[in-house]
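Same chain, two partners: subunit A is paired with subunit B first, then with subunit C.
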Partner chain A sequence: MAIVTPLKTAAEQALVQQFANVKAELPGGNAVRKLREDAFAGFEAKGLPHRRLESWRYTDLRGLLRDAKPLAGQPAITPEIAERLAALKLDGIRLVLVDGAFAAELSTLEGLPEGVTVNALADALVSPREDLTRILSGPGVSADDSGLMLNTALMRDGVMVEIAEGVELETPIAIVSLVSGVEEQAVYSRSVVLFGKGAKGTVVEVSEAAGPKAAQINGALVIETGDETEVQHVRIVTRHAAESVQVQSLLATVGAQARFDSFALVCNSGTVRQQHFVRYAGEHSEVGLRGVSLLGGQEHSDVTLIVDHEVPHGTSRELFKSIIGGEGTGVFQGKVIVRPHAQKTDGGMKSNALLLNDGATMFNKPELEIFADDVVCGHGATVAQIDGEQLFYLMARGLPRPQAEALVLQAFAGEAVEFVADENLRVLIMSEVEAWLGEREAHAVVSAI
Partner chain B sequence: MLEIRNLVVKIADEDKQILNGLNLTVSAGEVAAIMGPNGSGKSTLSYVIAGKEDYEVLDGEILLNGENVLEMEADQRAAAGIFLAFQYPLEIPGVATMTFLKAAMNAQRKARGEAELLTPDFIKQVNAAADKLGIARDMLRRPLNVGFSGGEKKRMEILQMALLSPSMCILDETDSGLDIDALRIVAEGVNALRDKNRGFLVITHYQRLLDHIVPDTVHVMSKGRIVKTGGKDLALELEKSGYAAYGEAA
Partner chain C sequence: MPAVQETIEQVKSIDVTEYKYGFVTEVEVDKPAKGLTEDTVRYISSRKNEPEWMLEWRLDAFRRWKTMTEPTWSRVHYPPIDYQDLYYYAAPKKGASPKSLDEVDPAILETYKKLGIPLREQEILAGVQPENRVAVDAVFDSVSVVTTFKKELAEAGVIFCSISEAIQEHPELVKKYLASVVPVTDNYFATLNSAVFTDGSFVYVPKGVRCPMELSTYFRINEQNTGQFERTLIIADEGAYVSYLEGCTAPKRDENQLHAAVVELIALDDAEIKYSTVQNWFPGDAEGKGGIYNFVTKRGDCRGRNSKISWTQVETGSAITWKYPSCILRGDGSRGEFYSIAVSNGMQQVDSGTKMLHLGRNTTSKIIAKGIAAGKSDSTYRGMVSAHRKAIGARNFTNCDSLLIGDQCGAHTVPYIEAKTATAVFEHEATTSKIGEDQLFYCQQRGLSEEEAVALIVNGFVKEVLQQLPMEFAVEAQKLITISLEGSVG
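== the complex of A and B ==
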């Protein structure tokens, strides 16, 4: 049999060259260096993820990246970045990354609550911490992913946050990642948030662009929650150039008797692939993964989940809502794995999409891999149009069609948003949703005239 | 006030014709009842007046104060004064009842060129109307109609009618699913809105509702037409004799 050596694409060849050029400069001690080398070797063998891989079937990264943009250099702190930061309605601790590099001068490091430590990831990577490579590696089910391998190889900076045992955060910790958008560039960053036993808190991730140039963004967030923790993660991806392509990985390991909830909003952001890898490290824990994607134009939002019930008595709930107009494409791939001894697992997964017009597309692929016999697991996926009966009811009360549609859509998205416990964050998310709907409504009014 | 002339209507995606040259007039201050068997086209008539899109009007006109409403979208008809109390009010999860009420009231005010309601005035109005209908405050905080009982949904419809103050009220089988106490509350709500400038079209199967909302005129509908018109005694007569005779006549 002939051995087929896949031809490398221009982007893959450029990535090989880039890694060779920068690997000596990238931060990290020997263990991290080896982690990078191994990850890149894995990437080289697999290449960029492509549509013949089941897990990347609907987001052909190899096809999308025609070239590899230059790696981001020294961050440009432009006036637009200051403007974006000023406009952000987020209370609490703010940790700012610009083009993937931690910008301490833009962050609120003074007055950190007791028991919270923050370091630049670049500094943490050179620390002698023994468990560093284990933490960075995340859940085992992420090990095969060549998009994540690329992040491991090229991650340049980010933040590492540690919340000590028993600490209850009163305000969220926000990791605000801005790309300057002055030049086309590639940004690789990773952040780590570790919650000690019994700690409670909220981590917000914001990914935005301050300038108009498209970026290739590959970000990862590692969250480890100790036993008896209560952690909420919120991610908001918005205001990116239409040609931007980004991969955002969430690597979550959840301790025993813990609660971990994640919510992600994607809108106005070109192509976004989110991948959540979640592992239960202890029993009797509850995980909720939810999100809303609002798509128009040629936008593409892929949410791919792997929830690994490794231990018994785990509960997982997933709820993802997509509203798709224009020629937008939504993807939901949710895989729930229940290992042979993970008895009494309770899993429920839902993906609901509303298509606003003929050009819109949704791919739903829920998967259950159940190897235990005493479990309750279910999934449901729907693709529909706006409910004409609801619309008529609202219009019959005097709401003009665009306003009635906006109300129905807002309510549709709201069903996932309402699981975010922090009211300020719920308001922030809904204000983004309303702004998106408002723009759509304005277009509808203009086209009606 | 409301004048319907030779209305011929079919379901938009099917060949099925539902209304076959219906004529009906409701004057200002009049309460007109329409009674008729299942499938006679009563609900279709109410939907077509309110502007539902699932129907195609093949012939005829619907005039509200001389203006042809068939040209208008549903929201414009509402702003012009038409209100349909639904037989099955829709549940809209995620939309708080108060948010919806305010949006509806302000949309109609805007369409009529009036200023938007200030929140304190709005809340005062809603609370006063809710108290009259025995609607608990916590119901107003819930998503619109979600988890409401049949009776609660109907009361919410009457609350909306009171707040929006329409000139032409259509009640589509408002009595269905109501126990006798709820029926009395709903009927009292409707009676309180009777006014010399307001017309009512009360659609029902049964005479029972008309004991509480006493009509000025009663129309019998069969096979998409009004086949007999009389006073309130006609309802009592129907209760005894049934609709069979009219099925034949149509």
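== the complex of A and C ==
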């Protein structure tokens, strides 16, 4: 049964108008233009994702976007943005996007290691590169997602980073995406990072807001890793307005005998939908996807992932931790697909959630779709409160309850964070986690008094 | 384990991919013209001498059904069903409501004998210990042909009869409970069933009564092009206990036959219902031709405090299985259980699982699902565990394991775990793997053939569920699993 979804909401109609207005001025050659047109036609056929679509069951984007905010124009470099950048504890190469546009003047482009090239995506889109549309399209399993289609149609800028064969990055490449938050607006950006054969490195994605106004953010990161690469991806989404809504897609294609790890932290960010699409392009590769969501208030964090084992001998591990307080909602939808010839696949997926109080909600849907027999796949999902025995143990040793809780929660989140290989990043992530827990603890102490 | 020895014997004695219940019984039947209209509904109702309210209820369901569309969300594929090309009612001409077994068409009795279903009470009494007695309601195509042990059950106060009889004789109970668990418009197939259901079993166990014997219904689809729409309603009043088992077979036919049943269970305070199914409908031949479409809605309502409903199913037959026996845990302290073995081979498709809806306080549920896929079959576990905001202290444990035999089958797991209260504790684990080569090697090294070794390992894999079945049926089920996997190795 085809679900008929005419574009009927105000937001959908506004998007149609917006695309018609800007499509001529969006960057890209003929191939890219066609990609945009096709993607938008796909969006028009499907409309904004809504809860009757299985993959968007728990995040009703159509309901959340009451209107389509105006598309971000020329970025305004406000003092707050400079402040945010100065406060970031990230060393290494820093590529800054403001309201989705690449801000070369805020980025560290000098002293790039040899073999690393950086271009604004807007420039890359007009380059005659033949494999551009293939790269932009990402894994096949992402093809029918209308959230991503919108990004493809409306992406304005971002960065394109290429790491040449054999280059081993000593410091991470950080793509810092800030929204100015001076006015309500919609930001569509996409970045691409390509690792040549045997390259090693870390890509950090930071999504933050500098101002208080809510934004609609639709971001995508394409990562393609060659054979024998080792790549770590870290995403930190924080400091967004409570009313902001964002969709962050990760499109990863992993080469043979490669290792790809991703970690995502979400906290203090309104509604965040992350979708990871991972494809194995070669055999004997290992993929690890992990994350922590810290939710309070009315916050909503959705992690949806599709790991597509197309080839034999792939290994995948997923571990997602959710700590949910207030009236927050956590969603985990993981799908591991093992195609008919992908023998010897080893897949393990786990989602653990702690609900801190009544009013918090968790939806778990770990899926396996297996068409090959010689595989070992498993998944586990749990939802519970903080273990009373653990609390008792700590409180018996003299810790007040809020601190005891914080300690248990810190360890709970830490189980996923510890997979981040880079120590500085691990410390950075844990400091965000601790700050969040500290705030909660302070609140608990105040309310106890 | 002696049963394993038995399994091995069974394997030896059977031809590969043989469905032993595939024979056809030649009996004269009474059936209306093909197709489904209001007249068909009226025909069925009048054939059953139903009261006016029942006819109205059916017609209402039929009108609603016409406005609905067939669901497509499950992972099964089949050509569109032409609902106008089916017979909706088929009754053996003789003995539609027999006074005694002597009035039943001997051909039908012969059928049940071949199937190994005991209908003659005296025979059972002669050879079996009293505590192992089973009362049987035998349903042949659209009607119940005989119900055994009625008298003895009546002495205990238990009502066990066909649903048609219950509509005549216990209308107050039927009116009160029918469709109170599965609403008429619950889903496409349930609505269709409401309009055209023909027969099925009705059980009422009064307050404080522990049903003195196992109850059982045996379903047999015999006629060609006939859909079977059975309706079962089981009510366990306060403090009552009943264990119920259903079994199903059908002849081998080239066309697909539709089986769309609705089963409703209601457990009041402190009551317990144990419902076991051994489903062995004709699965179609090796190329996927023929076989039963088993589209069934089964749901239990733990309506009372501390009530318990337990589903156990062994699914080896049907070309397509689409069923989710569920529990609504409404009463405080109620408990739901689901134990399932789904074995698929050849071109079979299984999309099955359960729903545990925690509504009351301190409700608990347990799900053990074992899927075994062989040949070119596809097996999906689809389940939901949810805790309502007020379901304080809800607890669930889910374990679903899949075993793959051969490289052309598929096993999928689609669980939904939804917690809206912080006091809920839900655990879910699932694994998929093939039979370990080291396990096979170990068995073969000790002199078992590969097929015997597989049978042994599979039996171990499903043991947890088999243990939940009443003893007589556990042995039967074990044999069935072995037979279903015939020809899947090597």
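Simple rule for what comes next: the second predicted complex is superposed on the first by the 443 of 449 C-alpha atoms of A that agree within 3 Å, B and C clash if a C-alpha of one lies under 4 Å from a C-alpha of the other, contacts with A are read in each partner's own complex, and residues count from 1 in each chain.
We adopt the following convention: a contact is a pair of C-beta atoms (placed from the backbone, for glycine too) under 8 Å apart; a residue touches a chain by one contact, two chains touch by 3 or more.
Every value quoted in this text rests on a predicted model; they were computed, and no experiment measured them.
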item	value
Partners on subunit A (subunit B, subunit C) - clash or fit	fit
Partner chain(s) touched by A:176 [first = subunit B, second = subunit C, both, neither]	neither
Which of subunit B and subunit C A:415 touches, first, second, both or neither	first
Partner chain in contact with A:72 - subunit B first, subunit C second, else both or neither	neither
First (subunit B), second (subunit C), both or neither touched by A:396	first
Subunit B versus subunit C as contact partner of A:404, first or second or both or neither	first
Between subunit B and subunit C, more extensive residue contact with subunit A	C
Subunit C versus subunit B - closest C-alpha approach in the superposed model, Å	12
Residues of subunit A that lie at the interface with subunit B and also at the interface with subunit C	none
Of subunit A, residues touching subunit C in the complex	1, 54, 340, 343, 353, 355-385
Sites on subunit A touched by subunit B in the complex	388-390, 392-401, 403-404, 407-408, 410-415, 418
Sites on subunit B touched by subunit A in the complex	50-54, 73-75, 77-79, 83-84, 86, 89-90, 92-95, 99-100, 103-105, 107-108, 111, 143, 160, 164
Complex contact set, residues of subunit C against subunit A	69-73, 389, 402, 404-434
